[in-house]
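Next come two complexes built around subunit A: one with subunit B, the other with subunit C.
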Partner chain A sequence: MDIVTGLAVVSLMGAAATIAGAAEDLESDIGSMSNPNSQVQLAPQMGNLHRIFNKAVSGEPVAFGTWAGIAGSVALILLPTGFGPLFSIATGAFIAALVHAVFATTSHLGRTTGSSRFEQPLFLDVVTQHLGPIAAHGFIVTFCMVGLSYLMWTALGHPFPLPMLAVMWGITIGAVGSSTGDVHYGAEREYQQYPFGAGIPVAIHGDITRMAELGARNSIDVVNFCAKYGGPLTGFCFGLIVFLSFWTTIVFGATGGVIAGIVIILLLIYLNLRIEIFARENYGEYKQEKMEEL
Partner chain B sequence: MSVAAGGPGGVAISPAKILGLGLLGLILIYTTPFLGPVFGPLLAAIGAVLAIIWGADTIRRVASYGLGTGVPSIGYMSLAIAIVGSIAGIAGASVLKLDPLLGPIFGFILAVVLGAIVAVLCKTLLKMKIPILIRGTAELSGAAALSVIGFSAAIAGTFSFAPIIVGGTLYLGIEQAVISTGFIALLFILNTMAIQHPFNACLGPDEDQVRTLKLSVATGFIAMAIVGLLSVYTSKAWWLVTLIGAIAWFIAIREFIDASKESAASVKWTGLWPKHEEE
Partner chain C sequence: MVIDPYTLIAAVTVGGVLVGGGVHFIPVGGAPAAIATATGVGTGTAMLAAGSGMTGLITAAALTGQAPWLILASGAVGSMLMICITMLVGNLVYVFGVGCVPVSAKVDTDPITKLPQEKFVTPGTEGHGLPTVCYVSGTIGGALGGIGGGLVYWALYGALANPIFTLANRTDLSAAMVAGIFALSVFFVNAVIASYNIGGTIEGFHDPKFKRIPRGIVACLIASLVAGIFSLFLLPGFLGGI
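What follows is the complex of A and B.
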């Protein structure tokens, strides 16, 4: 394969990864997965009842590994039927989305009834309203991830079979999504009644923001907020990971790619250091007396 | 998380009964080669579902000592042990030119032994203070291995590692049907999900064994329905496995949803949470 075709394939993979990353982060925000989940779980125990979706389907890596694995496996079954890769991958992602919705429902029901002594009501409209967006975002993620795996498998000729690539990429996007964007929900949106940048001291654990601009806050309000920075940032991060890791070997070859990868890592470490120094100089240290005024 | 630290809550079904259920799963898996190309894979898949229920109950017992966010992790770990054990057992029987019938029992025993070794390391090196860790991890690894072997046999139609011809029917064998296609990776993560999800989803001070096990039946059968889809090209029973899996899943999930509604503090279609008096 010549470099231009290779770059085109890698760009397409990067684009799919960017969309998948953004959708993955927003999906976990709708269900309060990973980072914010323990606080949603804790809130009723602290007397703070709410209308937020509590989706504790394991960690995001296992969950997205499973959804992408199901989609990739069903796609592999459908590919020889002649309907074409797009239809096959979309059908696989559709079946994965159905399973996803089932697991999301059972975890919300299970966690709510598992601590029923704290009087948290089981709101059935919370389940039905949020299932659509959860399954839809999950569909986008699995479609993009299996699409990416398919490109890697066919165009780049990776020796692993499609379901295995899909599972591995699913685990990867779950890991990246839970470590990058979730803080935007868990540390900001979840504690919006406290001053920006005040951190989350133990004294306010479980005292999550339960009221919205109008009425009770639900998880759609959360995702509306997180779609501005948290989601796109995760997408950007994951897209860059996919693009840069393939771009180096396509342009510089196997050995040159490893050297280019190390150079990129060093550059990123330096950039991160500069951002941290910039933030410290501009926003200063955390001031204790401000919390005491509360 | 401290919501469920200090051992399991009430036990309605004893661990010995659940262990018996798991071993019944092993027997069902063993009937696979004798029941022909339709009922063989079906019983193998049902055997795997029984193993999943056993695994979910074991996770419940081990993880209720305060594992919290470690519930998915121990699920992951047990499936990793199970994949190594079961493939080594099934392939070992083939490599050593032994009867393929010895494969599943080899895989099961290897996984149990590996699980026990890992648990001993956790206790001695990591100093984990869970009284039933060794027995729990060994049982969990065994259950996970049975679930992998059962679903692999359901996809391949046999638990022979290499292709075999039985009664004029060509079975591809687990190597070609499950490993080369990459379905083994899906089995790893799907069975992890099926085994760890019931307790992880239901965890809390009011967690109830029967409700958790109802959910484990549902996760097991939904996994079985998916496994049925994957065996379209390798098993004549693919539609039966999918259909029975889907119907049994529907019954189990309805039971679980009813049980959840009964046990919830209150069930509302809409509205705000109840107002508490200021204390």
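What follows is the complex of A and C.
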């Protein structure tokens, strides 16, 4: 493969990964997946009943590995039937979205039932309102993930089969979303009644924000906020991972790619140091008395 | 390159130990980190390690057929890239989305940058974000995990593609697939063992919990050795394997 075609394929993969990353984070915000959900689960135990969707019965990486694997497997079966890759991948993503919706329903019902001893009600309108956005975002993620895996499999000639690539990228996107965008949900949106600019002290754990701009807050209000920062950053992160993982090899070759990768890693370490110093210089030290006023 | 069964067992064992050891370097704060109550990446140990390992495995497998050192180096770079970009973007969320300083509560000064830590920690928390020492530690962990995963993949692919064991209808593609799935499994086994040893959260090599690493390595060594022996059953015609 010539370098221009290779770069075009890798760019397309990066674009698909960016969309998938953003949608993945937003899906985990609507469904309250992953680690910030510990506070949603804790809230009723602290006497704070809420209308937040709660479906974290599995780690985000494993869950998205499963959705992408289902979509990839269905797509692989449909590919030889002559429907074309786009239709096959879309059908795979649709089937995965259906399974996703079933999972979201049963896990939310199970999670809420588990909190019934703390008098947490099950709101059926919350279930029906949130299922559509959850399945839709899941569809976007699996469509893009299987799409980029298909590009790797066919255009780049990767030795792993399509479903396996989809599972592996699914696990990776779950890890990325769980590590980056979810912090925006957990450390900021869940505790918005507290002042901006600090970590969450253990003393206020479980006291999540339950009121929205109008009425009681639900997870659609959460995603409306996180779509402005956490979601796009997650997309940027995953897009960059997919793009840089292959860009170096295509441009510099196998050995040159390893050296270029190490140079990029050193630059990233320096960039992280600059961000740390920026935060120190601009935010300053914490003052004990201010936190005690909380 | 033809891989004999003894080399395969040794490679799976060493690869597993590298993965298990590498996980101890990765700064993970779990649920507390996801709400800026603890330093580290806001996800589980095994999950982040697996995420970076998968990227390493995909980049390592992309160089199937190349020299062994190149496959291992490619795995390490892919894994490091994933974890470095994730930690950097994670810090962007902590700094600009949450408004807190990346800081460790386990040390008074950062061992690498010598920057003071204590005064920047939000009272009532155990730090937040990823200061430089955690970042560097995570990069080392990513490298070890990538090399370990790549080593398992390379050895099993070499053994499965071995003409002595290969059946007439077995192709290199199926060898790559089986080797990939097995490397993925070895990765998960050792990542989970290491997370049990860590017990939830760890900031990196400067964390007092890091002293538990010898015990974790022994456990990973035993588990990987067993996995290595079982990997022989994957070889066609060997001990009645498929």
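Everything that follows uses one rule, which is that the second predicted complex is superposed on the first by the 293 of 294 C-alpha atoms of A that agree within 3 Å, B and C clash if a C-alpha of one lies under 4 Å from a C-alpha of the other, contacts with A are read in each partner's own complex, and residues count from 1 in each chain.
Note that contacts are C-beta pairs under 8 Å (C-beta built on N, C-alpha and C of every residue); 3 or more make two chains touch, one makes a residue touch a chain.
In this text the structure is predicted, and so the values were computed from the model without any measurement.
Of the two partners subunit B and subunit C, it is C that touches the larger number of subunit A residues. In the overlay built on the shared chain, the residue A:32 is in contact with neither subunit B nor subunit C.
Legend: residue contacts after superposition of the two complexes on their common chain; A:171 is shown touching both subunit B and subunit C.
When the two structures are aligned on the shared chain, A:161 is found in touch with subunit B and with subunit C. Using the contact criterion defined above for the overlaid structures, shared-chain residue A:202 touches subunit C, although it does not reach subunit B.
Once the two complexes are overlaid on the shared chain, A:59 sits against subunit B and subunit C alike.
In the superposition on chain A, contact of A:77 is made with subunit B only, not with subunit C. When the shared chain is aligned, subunit B comes close enough to touch A:125, but subunit C does not. Using the contact criterion defined above for the overlaid structures, shared-chain residue A:106 touches subunit B, although it does not reach subunit C. Shared interface residues of subunit A (contacting subunit B in one complex, subunit C in the other): 38, 59, 62, 160-161, 164-165, 168, 171.
Across the interface of their complex, subunit A is touched by residues 1, 3, 69, 71-72, 75-76, 180-186, 188-190, 192-193, 196-198, 200-207, 211-212, 215, 218-219, 222, 226, 229-230, 232-233, 253, 256-257, 260-261, 263-274, 276 of subunit B.
By the touch rule above, subunit A contacts subunit C in their complex via residues 34-36, 38-39, 59-62, 152, 156, 158-161, 164-165, 168-169, 171-172, 174-176, 178-184, 186-188, 190-191, 196-203, 205, 229-230, 233-234, 236-237, 240-241, 244-246, 248-249, 254-255, 257-258, 261-262, 264-265, 268-269, 271-273, 275-280, 283, 285-286, 288, 291-292.
The touching residues of subunit A, when paired with subunit B in their complex, are 38, 41, 45, 47, 49-51, 56-59, 62-63, 65-66, 69-70, 72-74, 76-77, 80, 95, 99, 102-103, 105-107, 109-125, 160-165, 167-168, 170-171, 215-216. Across the complex, subunit A is touched by residues 30-31, 33-37, 41-44, 47-48, 50-52, 54-55, 57-59, 61-64, 66, 70, 73-74, 77-78, 80-82, 84-102, 113, 115, 119-125, 127-132, 135-136, 139, 172-173, 176-177, 180-181, 184 of subunit C.
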